[in-house]
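Quick one: the structure is below, and I'll ask about it shortly.
In order of appearance the chains are A, B and C, and numbering begins at 1 in each one.
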Amino acid sequence: MGKIVDTKMKFLVDALVKSYYDNVEIIKFDTAEQLNRSLIIELTEKLRCLIFPGYFGKKNISGGLIEYHTGELLDDVNYNLTKQIARALRFQNPPQADEDLRSARASELSFAFLSTLPDLRDVLATDVSAAYDGDPAAYNKDEIISSYPGIYAITVNRLAHELYKLGVPLIPRIMTEHAHNITGIDIHPGATIGHHFFIDHGTGIVIGETTIIGNFVKLYQGVTLGALSTRGGQVLKEVKRHPTIEDHVTIYSGASILGGNTIIGEGVVIGSNAFVTKSVPEKTKVSVKNPELQFMSDEQQNKWEHKEFQQDGVFDYMI
Amino acid sequence: MGKIVDTKMKFLVDALVKSYYDNVEIIKFDTAEQLNRSLIIELTEKLRCLIFPGYFGKKNISGGLIEYHTGELLDDVNYNLTKQIARALRFQNPPQADEDLRSARASELSFAFLSTLPDLRDVLATDVSAAYDGDPAAYNKDEIISSYPGIYAITVNRLAHELYKLGVPLIPRIMTEHAHNITGIDIHPGATIGHHFFIDHGTGIVIGETTIIGNFVKLYQGVTLGALSTRGGQVLKEVKRHPTIEDHVTIYSGASILGGNTIIGEGVVIGSNAFVTKSVPEKTKVSVKNPELQFMSDEQQNKWEHKEFQQDGVFDYMI
Amino acid sequence: MGKIVDTKMKFLVDALVKSYYDNVEIIKFDTAEQLNRSLIIELTEKLRCLIFPGYFGKKNISGGLIEYHTGELLDDVNYNLTKQIARALRFQNPPQADEDLRSARASELSFAFLSTLPDLRDVLATDVSAAYDGDPAAYNKDEIISSYPGIYAITVNRLAHELYKLGVPLIPRIMTEHAHNITGIDIHPGATIGHHFFIDHGTGIVIGETTIIGNFVKLYQGVTLGALSTRGGQVLKEVKRHPTIEDHVTIYSGASILGGNTIIGEGVVIGSNAFVTKSVPEKTKVSVKNPELQFMSDEQQNKWEHKEFQQDGVFDYMI
């Protein structure tokens, strides 16, 4: 049923293979050394199991068994991660051509990365606490760890950020873009984020590469921490393009904070949909000016009306 | 290649196991009784097959065969759901310590839940109709059922809401956060939603736990039905924090409606990006005031200009 | 454990089967001819492998082997796609009742579609270039192809758009809604999009069915290219309801451009959160008017203050 005759199929194959040699920009001939995206995603999930033991894995970790399972899983992660890092190092700038040296360096980097897991657990425990304390809808910590997209995103980001700091190319971004796919929260692995970080709802959040975020910061859905202009393109690669957010800042839904010199001081509250391109001093509330509404009832077709009382309490959410 | 020497691996394992005992906030030792998140997601997909038979399953359900397949699938869902509910009941407040009583209660709850499926089918059929009637881009109802993220989200929400009403902990939120992952639409299982509910596009929508939504309501992407302030944290758990939306309301993209005392009356239309924290009487249109634009041509660098004509028709989308 | 007694299970099955016959709007009895959604998603992934060889597949494509793997994969895609198209044609308007004619037509359509792959590769290579040139955070083209959600979305859209132009029902939308699930970017398969198209971040973007987009266009997260009003519902099916965006236009985050007669001229820059329902002449910058902020420090509780200096540089991101 429905088979194309052989000459037609040959025509299609020839045309496509010709296109591969005509346009080599988007083909990868050396697949043997290609990074394995689905394996990297699998490693990310296994790292989550090592961070939150018992929540996602199926193994019995009670009693003395925890050491066996941890050892087995950690060895598996280290073995595969080392191989992927060795491949990624081919893209380093300047590249390391010698395969043995790449391999030895990959082994060092994997060890350095896995050594950070205990500290990452401590800081992620503060993120879980911040989510529980900040969200009346949270049932308990189990719900937060097993369901909250914000915890998923920050877990993957903290892991990827360690690899980013070690200078491992490509792998950190594959990890965070996977978390972006799952959660709608787009945190670049370069972003530096303090403890007790809480993302509520989260869909549409963007946090750029050179962002610095302090402790006890709370972000709502749709917040952008971005660059003022990227017209410079690749020329801007090493420049601090994204803002600095100090401790105890809350940023409500849909607000944008832009620019590498923009510093949001300690304790600041930024209102919904505010568009901020300058620094804000500490302990200040910021809101869009005149967030007024107009009204039109059925009887007043074509005439909008302003109702003063509607403005009362419009900032109550920022209390 | 790239193997860490054994002493190094032992160092990593010891450090991580030590961290498990040092920080027990984010470890789950009793995995035998742990909820199985991937099984709950699988059950959610099977429940979708029971709601929309023939759309997602692969079985031949023509003629008299439908009873066999329904019986087999329903028995499978009931068996596994009962076991997961029994585990979830350990987290109930107050907890039920007796395993046999938990098991018996879980069986009752699963039966009560599955008894609602016929009624859920009737209301979901109205949602499919609302999507078809409201969207010129809809090709037919098959497209809506098989592709529309809004239908996916409301299907999972209606299922989870029944479990939520029955007092089952944790499982409803695992179901709705899975739908949030898939669709970018974040509906808390506590939200009460009437028939003929239509979500267009949907990414970024947030609907809070104590929201009440009437019949024939239409929401666009990026709408928030949220709380005014969550500073109270866990103290606010039982309080109505989210708005009430009455029948035949349309809320355009990016609008926020906040607060537990905020009632949006019948037939109201809320314009894009409006930020509403007070009640709106029935049959009223609401828009941001002066949604004016300014313009700068190549010749007028540094000088923004206001063009009156641009404001004509700016509210035509609310007609 | 926890089993419902048989009479209760029989009650549940009977009630549900009765509901299937009572409400036939959302049941599909002829499953043998039902489209297979997961197979269509699998085909979409295989088409991505054919577009970007070596990036996602696991096969060694070096040397002369590429022809074997391409032939095998293309034959597999063609075989399964033809069968799915034949099923989809049953929903065509007017429907083709004759199964043999549907099958022959499906074979023609699959061939016509697969013939476009070399041209699609050329235009997708321009999209990858636009992403690299426009994003300082891009490490290299490998990162873009393997991780960027914007490239994922535009790849699936360009594939689906070819099927859409050929008049294939349902399949294009299943493909693009899958990409919407993965990326949060909602592009209708009907949208026509030029070369060098770049989506940055992307979550929350909506591009409607009758949108026309020129070359070198750049969109940020949360942009809507939508309809003014869909109150007409199905009556509007064939009408141009969505805007036209000419070459070299940049649209910043959260902006909405609405209406079928709205033309955004060449070289226009639309600022964040602008709400545009009228045409804009070429080489013009457009921004929300008075995007002013107000401030309240700890000492000035209850009194908002306007700080003039804050408005300096507020449009620097549009340079």
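In this text, contacts are C-beta pairs under 8 Å (C-beta built on N, C-alpha and C of every residue); 3 or more make two chains touch, one makes a residue touch a chain.
Going by UniProt, the chains are A, B, C = Serine acetyltransferase, plasmid.
Note that the structure is a prediction, hence the values are computed from the model and not measured.
Chain B is reached from chain A by a rotation of 120°, derived from superposing Cα atoms (nearest 5). In summary, the pair chain A and chain C forms a contact in which the copies contribute largely different residue numbers, shared numbers making up under half of all those used. Chain A and chain C, compared by their mean Cα positions, are separated by 22 Å.
Each of the following residues of chain A touches two or more other chains: 184, 203-204, 222, 254, 273, 290. Interface residues of chain A, counted against chain C in their complex, comprise 1-4, 8-9, 11-13, 15-20, 22-23, 25-32, 34-37, 91, 169-170, 173-174, 177, 180-181, 184, 186, 188, 190, 203-204, 206, 208-209, 222, 224, 226-237, 239, 241, 254, 256, 258-259, 273-278, 280-281, 283-290. Chain B meets chain C in the complex at residues 50-62, 66-67, 70-71, 74-75, 78-79, 82-83, 85-86, 103-104, 106-107, 110-111, 114-115, 117-118, 121-122, 124-125, 128-129, 132-143, 145-149, 182-184, 200-201, 203-204, 221-222, 253-254, 272-273, 290-298, 304, 306, 309-310, 312-314, 316-319.
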